[in-house]
Amino acid sequence: MPEFDAVIRGGVVATASDTVTCDVGIVGGKVAMLGEALGPGAEEIDARAKLVLPGGIDSHVHIDQPSPETGALPATDFFSATVSAVCGGNTTVIPFVRQLKGQSMRQAVDDYHRRAEGKAVIDYAFHLIVADPTEQVLGQELPALVHDGHTSLKIYLTYDALKLTDYQVLDVLAFVRREGAFAMVHAENADSIKWLTERLLARGKTEPKYKGVAHAPPVEREAAHRAITLAEIADTPILIVHVATADAAEQLRWAQRRGLKVFGETCPQYLFLTGDELEKEGMEGAKCICAPPPGDRANQEALWRALEAGVFQVVSSDHAAFRFDDPKGKLIEGPKTPFNRITNGVPGIETRMPLLFSGGVQEGRIDLQRFVALTATNAAKMYGLYPRKGTIAVGADADIAVWDPDREVRISLDVLHDGMDYTPYEGMRVRGWPEITLARGEVVYKGGEFVGRRGRGAFLRCDRS
Amino acid sequence: MPEFDAVIRGGVVATASDTVTCDVGIVGGKVAMLGEALGPGAEEIDARAKLVLPGGIDSHVHIDQPSPETGALPATDFFSATVSAVCGGNTTVIPFVRQLKGQSMRQAVDDYHRRAEGKAVIDYAFHLIVADPTEQVLGQELPALVHDGHTSLKIYLTYDALKLTDYQVLDVLAFVRREGAFAMVHAENADSIKWLTERLLARGKTEPKYKGVAHAPPVEREAAHRAITLAEIADTPILIVHVATADAAEQLRWAQRRGLKVFGETCPQYLFLTGDELEKEGMEGAKCICAPPPGDRANQEALWRALEAGVFQVVSSDHAAFRFDDPKGKLIEGPKTPFNRITNGVPGIETRMPLLFSGGVQEGRIDLQRFVALTATNAAKMYGLYPRKGTIAVGADADIAVWDPDREVRISLDVLHDGMDYTPYEGMRVRGWPEITLARGEVVYKGGEFVGRRGRGAFLRCDRS
Amino acid sequence: MPEFDAVIRGGVVATASDTVTCDVGIVGGKVAMLGEALGPGAEEIDARAKLVLPGGIDSHVHIDQPSPETGALPATDFFSATVSAVCGGNTTVIPFVRQLKGQSMRQAVDDYHRRAEGKAVIDYAFHLIVADPTEQVLGQELPALVHDGHTSLKIYLTYDALKLTDYQVLDVLAFVRREGAFAMVHAENADSIKWLTERLLARGKTEPKYKGVAHAPPVEREAAHRAITLAEIADTPILIVHVATADAAEQLRWAQRRGLKVFGETCPQYLFLTGDELEKEGMEGAKCICAPPPGDRANQEALWRALEAGVFQVVSSDHAAFRFDDPKGKLIEGPKTPFNRITNGVPGIETRMPLLFSGGVQEGRIDLQRFVALTATNAAKMYGLYPRKGTIAVGADADIAVWDPDREVRISLDVLHDGMDYTPYEGMRVRGWPEITLARGEVVYKGGEFVGRRGRGAFLRCDRS
Amino acid sequence: MPEFDAVIRGGVVATASDTVTCDVGIVGGKVAMLGEALGPGAEEIDARAKLVLPGGIDSHVHIDQPSPETGALPATDFFSATVSAVCGGNTTVIPFVRQLKGQSMRQAVDDYHRRAEGKAVIDYAFHLIVADPTEQVLGQELPALVHDGHTSLKIYLTYDALKLTDYQVLDVLAFVRREGAFAMVHAENADSIKWLTERLLARGKTEPKYKGVAHAPPVEREAAHRAITLAEIADTPILIVHVATADAAEQLRWAQRRGLKVFGETCPQYLFLTGDELEKEGMEGAKCICAPPPGDRANQEALWRALEAGVFQVVSSDHAAFRFDDPKGKLIEGPKTPFNRITNGVPGIETRMPLLFSGGVQEGRIDLQRFVALTATNAAKMYGLYPRKGTIAVGADADIAVWDPDREVRISLDVLHDGMDYTPYEGMRVRGWPEITLARGEVVYKGGEFVGRRGRGAFLRCDRS
């Protein structure tokens, strides 16, 4: 009789601090044992010459969420997005519930739970976007929601539909501190973007490349500094999300050096793309439009150095998948859509880990431990999912990616599963790709395809900090 | 027949770069000649063993201006304030015209001209506080006003009655750039002050010392960083006024190092007072309430180091004189006035130069050249008054302070002329005091008293940059 | 029949990234299995409510090594020093082989191996102090020694007997790069110390407190900057050892931010002592004399902040135990020994982990993961002992400290085992103390006493990097 | 009867702080009067539409001084070098007396006085290069020499013939402090240069371009940091000369920000040349070999930013003129001279001011005041020549350059007067050139030619600080 439901045998098991060769014995969806020459498993997975990594946690993804500015409709729902995730080595996603101004937060939460249930193929938590922090919301709805495991709040300093005043930010951060919740901040200066955009449009400058002018580096830097200051005043940690500029990274470093608990997240679009993409002929550049947009090469290099130096704790995808050829997608106003009306967002849930592994670990910029920390462990700890998620350890969920470090893949649409009609990384060659993904001990990805079951994912309650 | 209207003879003449011993010959209110053994003057001023300095330009003073928050009435009008100025070695003041929201800027300008005319005893220019930068104001009124010599605009990031949105700031800065005007910024984060204040008051913390908590250093630092960023985006220089915190000074230094044209001003209240003053028994602390308030001793020391290192270009008084025992003065709500309702502002027009000379030059922190630059030359250049004002050079107005570097004075109310009922510097001993002040060649201060003529001051048109 | 030689049951197992509750099964001196409810062990160790930590690696200790300057004789040999180590939760030590100028390195190595063999109670590696990098040494002796597992070289920028010229430093670093070895640097400016010392002595300033003047912070900072530069030129990583000053830590941070591979080590004497100790009455101050000496309180606070911010990778003891009342100890020239002739060094092999646990983890400055990294994992990785040493993972040596996080101990001589007649930490209260230490699976410390076997420790060959 | 010996009429007179239009009346070689419409002068100089500037002080020039490394003989003696100087708008030079190890400093001083007397056409002071700071030198010779007006000492951290140990540096700096002298430091790390050079030569890399590798930026940075530290320990100001790298400039900035009195000098070769010059075909690159050599373009840009930000106080030429086609010049070992044997030094005494005026003032990087400060005033103050030299003020020597701001000149050998066979700036176009140079009131340069008298220059005693 098999001792384990499954054994992953002979692989090189990596955590955020260690790399050891051993077997992983799984029972009841959890890691039951780590050892050499473990007894037999009902399922035997040969991981020799492979890495055995904690499944990725993509902690910043937009799923089944229309664009707040253009109303564009996403290409993926909770089924297809999570399928794409597991095909990229992920085992957990944390998408967003979005409150709109005037809306009940509880209703928004219920709505997103309905969207996810029965569809998600891996476990998921939710961040709550707080767009209207009224007394009712902060005093009644949110305490109950935090109690129920929705401990992560996201706030915006930009977008008319979402942005908070500094006063509201302080209110939310004070709530976060009081309730043991956690705050993420989208840091861009709304007025500057608006002002620059109007002047560009007035001069007929509408092409995609002007996105980079309207979101010039000081725009993100200012908001980063402001967010840091408000967090300092409220005396609570924050995470600044999708940091795109060397300027903002400098602010993070400055804050961290002062001993402030300010965390940073960046994304593959900033580490692997540059503004050159936006300058491509015609509307091609629209494919890489996101907010903030990728900067220049020196900026990209500075972000890598910041990553190496420990300024960032999380690399997420900020997956927001809108089709290019879809009238309800990127180009909501047709082929002449001005840069400020192009739907923000790039797909990337499936390419995040391969890109970072290849460009980071294989290129010698970060070691394997840092890769694990950036793609899984740190997010699990930050969002209250640890030690259930984010590591390979006795008692943890058996969320594991068996990773072939030597497999070379040329990224193109046909190797991806996200239902999109383009990938911003088309043609890039990477070394390292997931071979098998296990979610709570079940093989859900193998042989390049999803082999799991629709709706098997469950909601994860996040712990308070 | 005398060759000169007046000759200042045998003094040590100092400019922002030089110190030489020579005579100064004055004709028609201007410096006509510098030389050794000049011919006779109708008036002969013996300056041997004395310094001959450019008269001070106090470029940040509130005269005949009620408090925008409390409505308190100032102790001094254009006569008494400028008398106090000359008794402190100054020969030019630049007070503020203040527009209120909804008000015509032109009307406000006319109003303040009326207040000054016939009263001011020395020349004056005006900064224009832009509180409502409508199309009308930016498109019609201000261009004409700039044309007429009102080239300096001041904007606020705080105070409900005055503060601009970031969008409006960008509009004003773009105007400044377009018209060759100049922008000063009061940099504090309004929402943070409001939020902190409400929480302090809710907990019954109303004493003066809580002013320092409500205006904690990050409050100024954030706004300084934001102002710098908006100026960077608008591509125009700015001056951040009355910098009170080491945190904000650090932002200035950071910006200057990046090559941004960001200037800084600080004031004696931050170099010579500390938050200890606010902690004095009873309401005594109210006397030193201003915004931002003085910080702690380490902060003060850091400001001195920044001054020495060239971070600041101007030391002004930010004179705002409200009596302590006057029901329409500091304590507008009586002896229990909570810290946020105490009228902001300290008097200082007369003590600015003696304090900085004594604490700066005599203590060896700055040299005489820097003293001249900080008190006169830099302001003249920045605000378009140079070379008419701000130096001792052929062709310049004969605005001169004959300064006794060795005179020791114990500051107290009875040696001052500002009509106040307190001075925040009561009891401080300084070394160095003006002996004679000449304004356009006329002796207006001598023997410790004003000896000039009411209303002799004239409006100065400032040049565009 | 027991499945394991020993099982540590029910403890909270911590690594440099993870904390999980599980059993640890040991076979043949190695960790064979991690799991819940492991089968029986021949020895059962109840670790419930205890931490199960990787045994400490004290990677900077002087054992059986006379003072290079005063010739003082140490209080401890390889037996007593390693006994003291295990009583403080350590399972590995890395002492120094010291070449003197003109001496063969091979002979020095052989000599120290003889001193250790048969005495050490835990495993040990050696750093080689290179004082005479002749062609013979760099070309023949050292390559062979590196091949045999002596991969870590230490060089000095101070001490007449040991210091290298910058040219020699470059030669050694080029060797290190070529051979995959590793370099540690004692960074102090020799000439400055000499010059300052001579001037102090000439003025009769001989008391212990003048040690801090002769080793003023710039002395270490300069040498740190120089070491960093030479490593940059030679293009090889270095570790700057026993960093004592905020000034030097600033240089580390600066280098790390530039992307240079510069590592930093600090010690409990800099985190828990200050220069106040040196100012104690009479010769009491001599007890805390080491080089560099502890700085002032602000310096100490800055070192803690640097530790929190990740500037340091290793906290070692720099154990150098010379008795106070021994004529061949600290005061080699008797009760009037001038500060520069007092034997450098403080004991600390046994107190290192309790101090850092109490002051770091219990005080909330670092988390448990960082503690493990600083006391064990990072040193193991840096010096080529990983994964054999430095973590608790399948296949690693079962070098483990079962740690009682709540045990309160008042440090004093009678709780220590280092054979000394004083401890610099006399009277300090700590929370957290080792309960059991296992070395390669054997219990060597328990119930407050050493229970292992003399000479059971073995030499560890270090891997090349 | 003329009132003045000469009057410079109607020019725009600039000092380090002021720009005014006035006449300059000269009597007895000094500025007697500044005024409008001065009385007649025996000589009338029309300066309308011209700038009237303090004559340049080139405070770092090597005249009649063989190369310390190669023994090459300079192209210019005190006559030709000072002629070249006045043709470039200079009125004072400060060359070097060089002691060699073992030599009496007094004898060296006497020797250089003999070289200058009867030849120099403008006034001169001397810096004393201290290569052998024995007790005799520091205790007897130098105090007397300082007393006689040789207050500026230069020390080297590189060159076998000149370099001091850190201990000796401290001795010299302590002397400087004690005697009110001043110290200049050539900051490069000797051992690094030697080590890198040997390895380059061993690999056959001998071309001029390898100079830049042997003197990589960290080489200067390290020595700059060390010099700063030694000055901090000795508690005395220093000037770091001919700063060539952004890395060293960063150290200066760091020190200045800490409040240390560390001054910086850079040179046109670093602001107008780059390492590209060294890469030219054949031995062409040798023409721009100096130590340190020019760096890359980013480095050059960083130096300009540092200049703008006030990091440097002096721009000197470091004139060291060795002919290219002379067997006793640059290529002392013939056309295959390896980079380390090429004589260091570029000519530049005549081009310094035009280059900085054109590239600095005309390009808008610095204003006219900064130009005056960098080329004359600051050096005069630093070296104890002020107010006799370095400004245009009553009582100062009438050392004046009448400058045509609009004259365009293409630099080439035939417009220069330095007796060289090349200029590193061949073909560069500048705007701004001296029209007339007056030295102590005498016109010595006019119409493109020297019109003064050989030997009219006098030795200047420098004041103590």
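Order as written gives the chain letters A, B, C and D; numbering starts at 1 within each chain.
In this text, a contact is a pair of C-beta atoms (placed from the backbone, for glycine too) under 8 Å apart; a residue touches a chain by one contact, two chains touch by 3 or more.
None of the values given here were measured: they were computed from a predicted structure.
Participant: For chain A and chain C, let me know how many angstrom lie between their CA-based centres, rounded off.
Facilitator: Here the centre of chain C sits 40 Å away from the centre of chain A.
Participant: Return the distance between the CA-based centres of chain B and chain C, expressed in whole Å.
Facilitator: So the centroids are 58 Å from each other.
Participant: Go ahead and note the Å separation of the Cα centroids belonging to chain C and chain D.
Facilitator: The computed centroid separation for chain C versus chain D comes out at 51 Å.
Participant: Is the chain-to-chain touch network here best called a line, a ring, a star, complete, or other?
Facilitator: Graph shape here is a ring: one loop, exactly two partners per chain.
Participant: Under the stated touch criterion, can you name all the chain pairs that qualify?
Facilitator: The list of touching pairs comes to A-B, A-C, B-D, C-D.
Participant: Looking at the complex, which residues from chain B come into contact with chain A?
Facilitator: 165-167, 169-171, 189-192, 194-196, 216, 218-219, 221-222, 225-226, 229-230, 232-233
Participant: Quick check: in the complex, which residue numbers of chain B touch chain D?
Facilitator: Result: residues 15-22, 25, 32-36, 38, 253, 256-257, 259, 305, 308-310, 369, 372-373, 377, 387, 391, 393-396 of chain B touch chain D.
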